[in-house]
Structures are given as structure tokens and as C-alpha cells.
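Pasting the structures in now, so scroll down.
Same chain, two partners: chain A is paired with chain B first, then with chain C.
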Partner chain A sequence: MAQQTLLSPAELAYLHSSLSLSPPIRPDGRTSKQFRPLTAETGILPGTNGSARVCLADGTEAIVGVKAEIEKTADPLGDDGERYREYVKSASGVGGGDADEDRREARGEWLEMTVEIPGLRDDDAGTVFLAELLREALLADGELARKLWINRRFHWRLYLDILLISPPLSYPLPLLSLTTHLALLATRLPRLKSEGDEDPMFDDDWEAAPFLYPRQGAAAGSRPSITLLVVAVGDSILFDPSKEELAVADSALAVSLCEVRRERGQGSMEVDSGRELRLVAMRTIDPPSRLTPPGVPSTANLAASGTADVPLQQKQQQTADEAPQEGVWKAPLGGTPFAVLDSIIQAVLEKGGVADEVLDGLEGVDLT
Partner chain B sequence: MADRRRINGPGGSTLPPVYDDTELDAVSLRQRAPDAIRPLYLKTGVTPSASGSAYLEIEPREGKHGSGMKLACTVHGPRSLPRSAPFSPYMVLSTHVKFAPFATKQRRGYLRDSSEKDLGTLLETALRGAMIADRWPKSGVDVVVTIIEGESTRQDAVERRVEEWDAMNVLGGCITVASAAIADAGIDCVDTVSGGVAALVADKDGGELSMVLDPVALEHESVLAACCVAYLPNRDEVTNLWFRGQLPSTGTHNYQTLVSKAVQASKGVHGLISASLSEVIENSQA
Partner chain C sequence: MPLDTSTYSLALLRIDGRRWNDLRRLHAQIHTQEAADGSSYLEMGHTKVMCVVTGPAEPQAGQQKRGTAGGGGAGALGGGQKDAASIVVNVVVAGFSSVDRKRRGRNDRRIQEMEITIQKALAANLHTHLFPHSTITVSLHVLSQDGSLLAALINATTLALIDAGIPMTDYITACTAGSTSSYAAGDDSADPLLDLNTQEEQELPFLTVATLGDSDKVAALVCESRVQVSRLEGMLVVGVDGCRQVRRLLDGIVRAKGSKMIKEGVVQRSDLMAVSLEE
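What follows is the complex of A and B.
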């Protein structure tokens, strides 16, 4: 997803220095922890099990449709698998796992995800990377795969298709993640009527179909994860970076977290503060700033100084190679100290921080 | 999407054979100390036609005829970009990670699947930070890593479904072997980057949690969380961080310690890379 940003080295240097100030001055006037405003709705596609649309203020828009299909669970050992396992059990004398434990054996491959971004090939490495990142975050808590288990012989296969409608004006990760989160919250699967390992039979009343992530009752614990994109510029940490901010970022990190609702004690009247944020996945994103053109200091620029003082110029070129000059843009080199990454993660997981704000905002979306 | 230009084997209806007569000790526990990495063999310059190449082998577990991991990497370039490519003030890095069709229990096709592309992108992130790309304008470098033999070739890996945790070990190996091959090609880097993996595992007896370096998922009852880093030891910087899993909310096991363990593993691997490279230099001088 190496988009060429059309910013000159001088503009990049200006942006970088204004973003490194404390507090940082962002081009669109947001504070460092402020998200761009967004509109969201769910249940827009009647032909799907669940769908959502999110539109960001900068005009980027994404649609997610969730489709579920029943599939026969393939035994990795083929038709002889059952016999083989019994043989192993009798031969090794070990229990080989409780019967109850194999019963709920769920596999991550039951969730399939595709991302479609206009202007990019669907087998583009960047698109595949985005899809894998989101998929990994959703599966990391193991809860989603368990929900797809029907019985020992059958499971649901969930297809999550993400469509970015607008051209990607910035790195679309937060947008796609929030849309996926909402679509999964709105997803319903038909109610199972059959019992045990029978061929599954479902209630054909759509009104009776339970939500994949129920909101009330005992099972209201887990929620799908969300992924936030955070960048570090100098000493400041910026959430939800725009394209220009990404172009000067020193490092970018995608942090996925998942909300765990603690069960409230019976009869306790405490206010709903039982939200616990749990880190489930992290990945470094290659910041596009590494591909930006470097600036030339005016002392080394022949056109600016007008003198062809060759030895002086060579000397300056050598120094320019080592020490970055103030106000002259140079693409970041090397990695990120772990202290910086750690402060990013701390900022994401902070109680009452950005993640809480985003989750509160998503909670307000009407699920139909 | 099926590859229509080659005659491939059957499309997936076949099953790998199951042999009953192998020994059935499914429980094989980790013999190494928690902070020990497996022995490695690294050799650079194995492919004379490439500008840089390296081969990495990770030792199989003790007393097992099963496999460790075998990786080969070739680096082509820096060479000039094709005429049709747009101008770039930097070296254009492209990375390819490919499992050989026979590397895993389940046969892999010739086309790269999504996990291989994903590993390629992660490897690219890890390497790009280390290379001084502005010294090679208008040129391109291809880094091709082939996994000749993966870790999960054994039956029990398929049965216990631990392949998903192997991706981290594969990435760690890819980073190490690619870094050695880049050094062999003589491409300027700020430091030799090395990959390290650490995991939080639960063992059968009592469910005690512990953190181990260079984990092999098969040797543990379950893996709760794992982390792979690409680390520049001389600058103390991380070029790529990949973390996945769930850490208990209470207790001393947090992501900071997991990352520092992974960094410790990559420091161990870095020693191997520098030893291997200095051996090559000594041999060429003699």
C-alpha cells in the first residue's frame, strides 16, 4: 500500500516539526487523541446475515457484508480419523484430551475474509496484509471460532467481505476495522432446532435468529475486537492519522484490542464501568514515510547558492549523510526503540482513553 | 484461484497418509532451558548466481526423526529498475516468501497463498527499516525466501492444530536468513537485523504459565500468546513487532516481558549471524 504522497520535502519537514511539538499541531486541527467524525449504520443489506456501513468525514466509506454457510467439518485424518484416534487412545493409554474438549474444537479457518480496495489488485500484498491483520485480530480471542461450531460434524463458515467504496485517501485500517466490528455485532445466525450431532435443522423464522454476539444474558461477555492505527512522530503519539500525517510518521503500529465485560455481581448496583480492554494483537505497519523524497539543504544546493565550491559541497554531503539537519526532510532510518512502541500501547490501553471513547461511540449505533 | 497454466495434482480431495506404526508418544516435552534457543546452522553464499544468498537450518528436536526448519534465501540486485517503472529516489525492495510445495503436511500450491503474502509483507517491513535505501536510487532488490522444510510436517502437528503458531517461527527464520543474505550481497544496512520469537505457554502439569524463547508449539500443552520481533542489536531498535494472543490480566506476565524475551532470543540469533559472516571473511582472507 505504498501510496505516493505528493508532498515536497519542505512540506514534509514542516509537517513533521509541527506534529512533533507538544501539544502537536495537526493539519486538520484535531487533538492528538481525537478521531475523525464518522457516521455508521447497520443492517443495510437484507441479503446478508449482517452488514454495516461506515463513512468517515474525509469521504472514505466502507461496506461490510457477512454471509454464513453450513459446512461439513472435515476430519484432518480422513474417514479413518475416528478409528485412528481410538487406536491412539488405547495404545498410548493417555486420555488424549477429554471428550468434552474435542467437542468444541474450533478452527480459525472457518472465518474467511476478503478486502476489496478500488485501484488495487485483490491479490496485492498490501490488501492481503490488511485482511490477515483484521482476521488475526478477530480470531485472537478464540471466541469467534467457537461461536461458529454447530456440532461435531458441522460448522458455520463465515465470509466477511469488506468493500472500500471510495479510493483509499488514508491507510484504511481503522475504518475497515470499525465497519467489521459493527457488521459482526449485527450478524444473526438462524436458530438451531436439531440437537446433538444430527444434521442441523434451523428455525426459518428470521425474527427468532439469535445474534452472533448477544447483548443480553449470560453470553453477553465478549465483543469483536477493534484495531486502531497509531503513529509516533517525534515524541508525540497520534491516533487515527490522516494521509499527510502517515507520510511523516516515524513509526506506525496497529493495535488490536478486545473488550471483555466482567460479570457484575448479583444485585450490585454499580454503574457500568466493568469494561476491561485486553490487547490481542499488534503489528508494525511499514510507514510510507520511508518512501518520501529527501530534502537537500540549501547550503549543498548549487542552484540556491550559485557557487560551484566542490570540496565544500562534498564535505557537506558527507555530514548530511550522518546528522539530519533541522528543517531538512530525511526519511526515517532504522527501527523504533521499544520505549516508543510501549508508550503507544500504553496510550491505547489507557483507561478512559481513546479506545473507550471509540467503543462508547460504537455502542451508540443502532443495531437492526 | 486455480493455476490454469500448470497441471497440478488433485485439487484437495486427497488426504495425507496416516501411518499407524510410528511411535505414538504424542507428549514430547521441551528439553531445553526456557531461555535457550535451538541450535542453528547458517551458511552464506550458497547460490553462486545470486548476488547474495544464505541457508538456515534449525535443529530438529532431540531424539526425533522429525524435522526442524530449513530455509534458503537469495537476494538479487541491486539492479536497475525496468524502464517502465516510475522514478524512485530509493532502492525498491520486494520480498517473496514461499513454502515449497512439500514443506508442510498439507501440500502447498505453486501460487503464493494469503499466509505467504502476509509473511512477505511482514518480512519487508522488518528489512526495510534496516537498509539504507537512499544509497541505491533507481534500483531494485528482490529478496526471495523459500521454506524448504517447515516445522509442521509431522502428523501430530496436523492433529493438534498448532500450525497457526508456527507462522511466527517461520517469520523469525525468514528475517534471520534474509538478513544474512543481504549482508552477503553487500547491501548497506544500519545493522544486521535478526528475528526472535518468544511465547507464553501453559504446560500439562498444573497449567503453570511460563515464558519460553524460541517456542515449538508441539512441545507445550497450549500456547497462549506469542511475539516475534525483528531487532537491531547495535541500535537497540525494533523494526517489526508482531504479537498475537491473550495474556492473563493478572500476574507478572505482560507484553513488555514477552517482547523483551523475544528481543533476548533475537540477540542470541544475532550472535550466530555475526559469527557466520566473520567466518566467511576469515576464509576469504586466508
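What follows is the complex of A and C.
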């Protein structure tokens, strides 16, 4: 998926060693937790329920459009009239909305997601993996599917179409995730006028349509999850890696978080302290560094010393077998050490940490 | 929903209030994206497309394979050319672009045909012989569609290619033209129409015509609906005239962007440029 960077083994080794320093020295001079600036706008397509466009500083750009359709909920128990009437009776007997809440049975399949990347087939393994990864993270908190529930017979089917406009310069996961987050925040569904299990009727006034994720009021609750890309190089952990940094990463992780709003006490004047972060998913991603060719130490480099004519094949065999040498590039092998995983989770979840910063940034985007 | 065409003859106004020879609002931006070699955004009414041009660049392994294997379709013509740049056109129609969400795969025949039409029109216009052993990749994204899709795609491509600085003979501009009554009505006195929207396209016969610059040279002509031969000439004349109007609009956009770049100091002012700026 991520395009191969054309860096020589010597360049890779240099990058790797400067990134493993403490504090790491990144090619663009950022600190390890600093994000690149991005521009974002929402509500760009009036024909959708919600849309967003995000441009990252490296020039990559994505557009997400959300469309909703009404669908009849397939009854897992079959069309059993008796049973259904019983349900209704018991529900009306209790008479409270709470019983109804409990009965809300949401399914993850109500959210459908596609990713389109120019120049790649739509059934490309990498693209499908990317879409599934994002979908999984969104559904992990179970909140989104519940919001799509209308009544026992009908539900919304949400189509999320993600377009990567620019060529895939670096691994597009964080870009797509942030764009999806914004698009979902901007999504509005028509206001329901009917009650109970009637055929749904909607208010045709778009101005009255409530947001899927309301910002204020009693319904203000969770937020759609975001997925961040984190790489580990040596002992240092880098957020928002650039293409070059990804090319030397020992391991890359997609960390999905969601934000849960604590219920604010009545009359509380606190505005932005109710955020609680929850880790919902984590996946390792194969970094492109694994496919890089190994470097040849100058002691073994016969082209430099010019002594004997050992075939190239044999020479590379040697270097692959040898223990890693300082300053000589060798593609990373193996998984992510537990200590690294642990420190990544710490860094992501800490109060006022990276995720807080990103969410604060996204909060600032105007919803239109 | 069938379009009621009977009211046209009363007021000579179309369903969206236009006269027969009115273009819809055309709005375009050039150089919308920093990372790409060339990019553009174009709106014709509610049809919104984005174009990103990459190249001329060394052909990527994957693209070459796609081109020759016929998977991409559009790449087939220029796939293995050594003495001129090959042109690869990718059209992505977003699922949310139409009123009802409809997902169209890459192998959709209509999309493939549009890709090939654009690619052939460009191949004749671009000076590809200046870039041997290279590929020019045109990625088009349809964000919203309301008729004249192919025309919008061609216009956006022209702007993006200008932004990329790829030498070409002249602008290729496109426009649709239709006829006020359907084929079945057999009405010989039907008037031609310019720049159709989706509703009109579904009901009326129409064609898409692309011309080269200010001349009457036709670069592409697509007509997929049944229409009486006697009406074709009138439609073509109106279409070509529409193309000329579109060219003027696109030229204005390019010039505005160019003078803005000179004012901002991105491009050095030269004697030649100064003349055109004062106009």
C-alpha cells in the first residue's frame, strides 16, 4: 500500500540511528509527539448526509461522504407475528422508554464502508484491510450501531465512502480515519416523526435534522473513534510518521481510541474536562521497512577495498546472517516488544497526551 | 421520474429555468492540491469532479501490468509505447455521488468507456512525444453527478493538465447538447438544448462533444441515445458553440490563476507575460 521510498541502505541506517536517539531527531524537526498541521472542512457535499475533506501537510487529501438509507430489519427469529405482538404488549406494559432502550438490538453490518484509492483495484488486499480496520474501530464501542436503530422493524443503513484524492504518498490510515471522524460528526439524519414500531416518517425540514453525534444537549455523548498510526524506532515512539520515518520503522501500530463523555453534573460550569479516552482496538501494520534491502558493511564491501571477487549473492548471504552492526542497515525482523506496546498505550492514553491534542484539534473544526 | 417536456414549448423555459442555449454555472479551481503535479476542481451545475494528474513520470510496475492486461482498459492504447508518453486515465465514481447510493466497481463498462474516450481525446492533443518512456496518470474523482458527467471530466482534465504544465496543442473543452423532445415523439421541429442535467439526460436524446480550442475541430463525440439524423446537425452546432463558451470560461480561470501566481511572486514576470496581464 505505502509506496516504497527510494532510500539507500546508508540513508536508512542514518535515519534509523537519528530517530532512535533520545530525544529523537526527526527529518522535519518535529518532536516525537508533534503532529503535522492539517486543513479540514466539513459539509462540502450537499448531496450527502455528512461529508468532510482533510488535507495533510504532505499534500495528501481525502474526502469522505456519508449516505444513509432506511432498511427493514431482518428478523433473526423469522416473521413471527405472535412473538412480535407479545413484545409489543410487554413493552407497552412497562410503558417506559428504558425498556425500549434495552431492547435496541444493533448490528455492526448496518455500517458499510468502502475505500477508494486511485490506481489500486477496489478488491486490493491492502484497501480491503484498511476499510475493515477503520470499520472495526468505529463499531468497537457499539455506540454507532445503536444510533442507527430506528425501531424494531427499521434501521438506518449507513454507507461510508472514503476517497483518497491524492496518490498514496504515505500510509493513508491516519488521514482516512480523521476524515471519517469529521464526516461522521457532520452527519445528520432526518428527524423521526413517527413513534414506536410504526413505519418511520421523517420531518422533511433539513434544518431540524439532528446530528448523529450531537455536540450539545442531553444527548451529547460519545464521539466516533479515531485511529492513529504510531511507529516505534529503537526505543523512541513517534506519532504521525512521515513516509521516510515509516520506511525505517521497527514496528507500526494502528491504535484506535474513542472518547466517552462523562455525564456532566447539573449546573456544572466545566466545559471541556469531561473527556475520557478508551482504547478500542489495536493492530500491527506491516511497515515497508521489512522489504528494504540490507546494507553491506564497508569491511565486507569488496567494491570499496577491491580485494577479491566474491559473488554478490554470497556477500549478501553473509550480511544477512551476521549480527546487526552499528550504522549498517538491516531490515527489522520479528514483532513488537511488550515494553514498546506498553509505552505506546501510555503515551496515547495519558491525560493531555497526543489523543487529547488531536481530539481538541478536531473539535475546532466548524460543522456546517 | 419522467420529465414533463410538454411545458417547454409554452414558455421556452427548461425545468431549471434556463433558456435553450444557457450553460449552467461553471465554477472551477486550478491547483487545488499541493502534492500533485497538476490538479483541478470543476463544477458544472451540480456535477462536481476533481482531477489529479501525476507525471510525466517513470511508469510504475503495477500500472504497466494493468495497462497491458486490459484490466485498466484505458491504459491499453499507450501501454507499452517507448517513443511517447502513455496516458492512463482512472475514473472513480464515489458511491455518494448520485441521489441514491449506488456503488460502481472499477470494471463498470460505462466508466471504462469514459476512461477510453478521455484517454483517446488526450492522446491526440498532448505532445506525448516529448516524454518517451513515461506515463501521465490522470485520476478523476466524481463527487456529485447531475448530468454532463463526461463533459465535466474532460474539462477538469484539461485544467489539471494545464496546471501540470504538460504541453498540448490547445484546450479540449466539452459540453453536452440535446434535443427538446424524445426520439419516440418524432417531432421534427424540436429545438436543440445546451448542457443537460440528469433529468433531461434521462428523458431526451443527447450527445457529448469535445472540441479543440476555438476551432470547430471535434476531439471527441459520444452519443448513446437514439436520435433522428435530421436533428443531429442542430445538436452538434449547439454543442460546439457551447464548447466555445466553456473554453472562454476555462481560459479566464487559467489566466486569473496565472496572474495571481505572478502577483504572489511564485512565477517570474517575463516580457511575454506582462503583455497578457495588461489585457
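One rule holds in what follows: the second predicted complex is superposed on the first by the 324 of 368 C-alpha atoms of A that agree within 3 Å, B and C clash if a C-alpha of one lies under 4 Å from a C-alpha of the other, contacts with A are read in each partner's own complex, and residues count from 1 in each chain.
Everything that follows uses one rule, which is that contacts are C-beta pairs under 8 Å (C-beta built on N, C-alpha and C of every residue); 3 or more make two chains touch, one makes a residue touch a chain.
Worth saying up front: this structure is predicted, and the values here are computed from it rather than measured.
Engineer: First (chain B), second (chain C), both or neither: which does A:225 touch?
Structural biologist: neither
Engineer: Touch test for A:289: chain B only (first), chain C only (second), both, or neither?
Structural biologist: neither
Engineer: Name the chain, either chain B or chain C, that contacts more residues of chain A.
Structural biologist: B
Engineer: Pick one for A:166: touches chain B only (first), chain C only (second), both, or neither.
Structural biologist: So A:166 only meets chain C here.
Engineer: Who does A:331 touch here: chain B (first), chain C (second), both, or neither?
Structural biologist: So A:331 only meets chain B here.
Engineer: Looking at A:32, would you say it contacts chain B, chain C, both, or neither? Reply first, second, both or neither.
Structural biologist: neither
Engineer: With the two structures laid over each other on chain A, which partner does A:132 touch: chain B (first), chain C (second), both, or neither?
Structural biologist: first
Engineer: Touch check for A:45: first (chain B), second (chain C), both, or neither?
Structural biologist: So A:45 only meets chain C here.
Engineer: So in the superposed three-chain picture, is A:60 touching just chain B, just chain C, both, or none of them (first/second/both/neither)?
Structural biologist: Touch status of A:60: second partner only.
Engineer: Please give the residue numbers of chain B that touch chain A in the complex, ascending.
Structural biologist: 1, 15, 18, 20, 24-27, 86, 88-90, 114-115, 117-118, 120-122, 124-125, 128-130, 132-134, 158-159, 161, 164, 190-191, 193, 230-232, 235-247, 249, 255-256, 259-260, 263
Engineer: In their shared complex, at which residues does chain C touch chain A?
Structural biologist: Within the complex, chain C contacts chain A at residues 33-36, 46, 48, 50, 52, 54, 60, 62-63, 71, 90, 92, 94-101, 103, 105-106, 137, 139, 141, 143-144.
Engineer: Can you name the residues of chain A that touch chain C in the complex?
Structural biologist: Per the stated touch rule, the residues are 45, 47-48, 51, 55, 58-61, 63, 65-67, 69, 114, 116, 118-119, 121-122, 159, 161, 163, 165-167, 169.
Engineer: Could you please specify the touching residues of chain A with respect to chain B in the complex?
Structural biologist: 4, 76-78, 80, 84, 87-88, 91-92, 94, 96, 105, 107-108, 123, 125-126, 128-129, 131-132, 136, 140-142, 253, 276, 278-286, 290-291, 293-294, 331, 333-338, 341-342, 345
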